[in-house]
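Chains: A, B and C, in written order; residue numbering restarts at 1 for each.
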Amino acid sequence: MDISIHHTTRYSYATPATHTVQHLRLTARDNAGQRIARWRVIGNGRDDLPVHTDAFGNIVRTLTMSDPHHELVVEVVGEVRTEDHAGILKGVDETMPAAMFSRTTALTAADNAIRDLATPIAPAVTKDAVDAAHQLMNRVRDAVAYVTGETDSDTTAAAALAAGAGVCQDHAHVMITAARLLGFPARYVSGYLAGEEVGEIYEASHAWAELFIDGLGWVGFDAANRVCPNERYVRIGCGLDYRGAAPIIGIRRGAGAESLTVEVAAMPMGEQNQSQDRRDLSERPNSS
Amino acid sequence: MLSRAAANLYWLARYMERADNVARILEVAERASIMPNSAGEPQSEWHSVVIASGNEQGYFERYDEISREKVVHYLTVDTSNPGSIRSCIEKARANARAVRTVLTSDIWEALNQTWLDLIGDKREDVARGELQAFLAWVKERAQMFSGGAHATMLRDEGYWFLRLGTMIERADNTARILDVKYHILLPTDEGIGGGMDYYQWTVLLRSVSASRSYYYRYRDTLRPWQIAEFLILSEEMPRSLIACVAEVHSLLDEIAKLDGRRHECHRLAGQIYSHLRYARIGDIFETGLHEFLVEFIDRNHRVSDEIADAYLQ
Amino acid sequence: MEVNSYRPVDHCFDEMMRTRTAPRAAYQKVREWLAAADPASLDLRRREAEILFMRIGVTFAVYGEGGDPERIIPFDIIPRVINGREWDLIARGLEQRVRALNQFLVDVYSKCEILHAGVIDTDLVLRNPAFLPEMNGFTPAGGVFTHVAGIDMVRVGEDEFYVLEDNARTPSGVSYMLEDREIMMRLFPDLMAAHKVAPVEHYPTELLTTLKSVAPSSGGADPTVVVLTPGMYNSAYYEHTYLADRMGVELVEGQDLFVDENRVYMRTTRGPQQVDVIYRRIDDDFLDPLTFNPNSTLGVAGLIGAVRAGHVTLANAPGAGVCDDKSVYIHVPEMIEFYLGEKPILKNVPTYRCGREADRAYVLDHLDELVVKEVRGSGGYGMLVGPHATKAEQAAFAERIKADPDEYIAQPTLALSTSPTFVDQGIAPRHIDLRPFVLMGAKGVSIVPGGLTRVALREGSLVVNSSQGGGTKDTWVLLEEPC
């Protein structure tokens, strides 16, 4: 599938901010299931922001604003060709031993409810790990309804489960936490999910979990949708939890109230949608 | 030099200068209050002390009346008054501690010892009624600080920012003292040259250590417009407004030479200096001494803000 | 008590006395001086030293106990003397140990060879709270993580030196080593002149050389080094000012620095100035709110990005703490053999991990003989010295161990060596340790002879931490033995 991504994040400040530093983990890279045709990250009009690779192999761009500013705009424009690999991640240069992803973090600390969620599956893990992981995915989704506005980026896995409601981030956190209890190294993945049909636009960024399964390696599980990532998924970055993979994380000084608008369009392209002149598309990032 | 370090030096100097000035106005008030022919209500002297210290509002939040004992406590050892001598020395020392590496050990040790004495042996001086001894000690420690700075500090940015703090604060204090007393300098029909005014003028000059130098300079009896001229426009009088502004002006010039950049503070300081340089005391009286002083305090304040903007943050 | 009636404690190695009545050669002259000195004048000197420390402001802060938080650490005027042969052994052992610790860090943040080889348990390292996953895949400039290491050692016999603890994060105390020497030279110039004491005054120069050696290449021939402090309320603030001062570099706080284009700058009166090496004295967690504790106001947003991009060097490198974790400590001898192919020169204290069932059973059975420590405790807090504890204290500690066994380790109570110390009753033996400071730069290891000797001032006490009533002594490494 050929997918086009257009993602705009706009911060406006009532009184100007004097200094802003943001890390942007918004750059997709190639793996066996996705080939990047083009990708640009534009921070306040600049697409040459300084870059480094973080501990989890994510490409991080740093946006710094040292002069007073009322507004800050981050844009992502990309085209990716994807294939369905049944959720199995291949062709990624892993930077650290899978065992490291057994660590817990503040957002993924287990409580009794998460233990109760995981325990019944424990016998299945030794028999058929893949099947156990699928069972877990369904149990997570059964326990946490998909409801927007109930949780935010600081909500812990335990809190989301207690609320019984959340969004993809919460499903991923609960899944990771329970998987680690069952002995799977597990990690948080951020990315995009495109619509099903050509031209059908999905309007949110997405997140899911990856579990390390002996013999297969890292395998994705999207509890929110009860599927393993297929050709509709574009993978951006990973971490121990949301914080480690956060698409945008930053601090600012001196601004008053902030208002934030996010627009995402992830859409399968037909032949006719694909831009003939790729340079043209990237130079007019505002067109959609 | 780090902007924060420059800011610490600047404020260190301001607070030491402020402590010194509070000690001076208290000393004068104490002297006034024990003179047999002091002004009608004994409280007015202490009230003007509170006004000159710039903390009148804070005082009346704590006390509903003026009395010597309360004013003295408020301005010397009261920890709740950010402008008390104790608070000033505490903040001076905290600023010094934050920039120990750019101070010479002489200065740091002098400041540190001042603080240790203040919370040690000296703490009870005021309560014991030894106000004069306490104030003399404060002035002595302030002198030791500025003497130490003058004698041991490298003549570079650090020293210049320290001096800037001293001069901005000193100009502010002289202007405030003048403003509290400006009415006694105004020409009136009655009692000019009389015992009462004469006495008040002496007090005013003493509060800026200018009594002896006045006579030396003018070789004349005390005349109000000459006193005003001396404290505002006389460059050789080290606590006059123009002397302080002239030094601010030249210090800022030195600092600008380092990197060739000039800022709003340079323009403002130059403007205030030339204004004073070509002013005549008669004109100042004509437009109003009080109005003149209020405006000066305000502009001096703006210079301070602009210095902070250009260098200290 | 006069020095002539000074007697070592039974079953303890005494630094001064070879037998009950005969001193070691290295202490000969110190003992003669003590014998000749009038106790009243020694006491006077001791008080003089205190006044000097207070006036110079060599203080540390103790909060939460009321009163003035600024305290001085008691200074003992009787030096601790180490002869050249002993120092040679210690120095070789320290260099070996720190090299191995550093290689371990380079390894666990990149290839994890020691884990793959099964020498150290993978989970012990990768799931250790002191391991920073955020630093994975990062090798600092020159391959150096532990630019400054403070190794806590004790002596129990003639050539028996044990390492009690490694400090590879932001070890403090070096300013006391330097000030103690300064004070000794002021107070007892004649005594110093009678000995050939190896100098320590060049430590700041060595430190600066070390720091410059690991600057990123963008720093050029004369890189800009700064000391980063959490501020004046930190208990070691005096040391931060002292080191910045003696190195002639800026002492900065987080608010003085900012990141632009993955480079670090300090705000100066002449505009932004780029910084190449940061000797930071703030904990990892507070370094960068974008990578670590998001609520930190002490750090610099974007700093770790600049570090990973190779535009600035942090000393010590973030994540170094995983090598000095008390549960990893157990494996330092294996590290030395694995990375260097050498036998350890300095001994490790046998350590029981309460998380292991067999160990735990032994520990609970022998609480009256062992020292039990929290794996992540420091400063002498949260520990049980079995032989000095009451039955009730032991029982209470046993409950804590059972509740959270992974959090505790235990070691046999070592008979720390004693050194003559000037106390209220006169000159008496008191237990001591030693913290030498090991510097490691791109060009190798350097160690200023000696270190900080800490002394437990209470009779019989084995806890030397300053927060627990410990004092310090000047530490003399003799270039020649007195004759």
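Here, a contact is a pair of C-beta atoms (placed from the backbone, for glycine too) under 8 Å apart; a residue touches a chain by one contact, two chains touch by 3 or more.
These numbers come from a predicted model, not from an experiment.
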- Note: chains that touch subunit B and subunit C both are none
- Message: Need the central chain here, defined by C-alpha centroid distance to the all-chain C-alpha centroid.
- Response: C
- Per the C-alpha centroid definition, the whole-Å distance linking subunit B and subunit C comes out as 48
- subunit A and subunit B have mean C-alpha positions lying a whole-number Å distance apart equal to 61
- Starting from the mean Cα coordinates of subunit A and subunit C, work out the distance between those two points in Å. 43
- Note on the structure: Check: subunit C positions touching at least 2 other chains come out as none
- Message: Quick check: in the complex, which residue numbers of subunit A touch subunit C?
- Response: 19, 21-23, 50-57, 60, 62, 64, 66, 95-97, 99-100, 102-103, 240, 243-244, 249-251
- Note on the structure: Contacts from subunit C onto subunit B in the complex sit at residues 54-57, 68, 231-232, 237, 241, 244-245, 250-253, 255-256, 266-271
- Query: Taking the complex as given, what residues does subunit C use to touch subunit A?
  - Reply: 112, 115, 122-123, 126-127, 131, 133-138, 258-262, 289-291, 294, 301-302, 305, 308-309
- Item | In the complex, subunit B residues that touch subunit C | 1-6, 94, 97-98, 100-101, 105, 108-109, 112-113, 116, 119, 157, 161, 255, 258-259, 261, 311-313
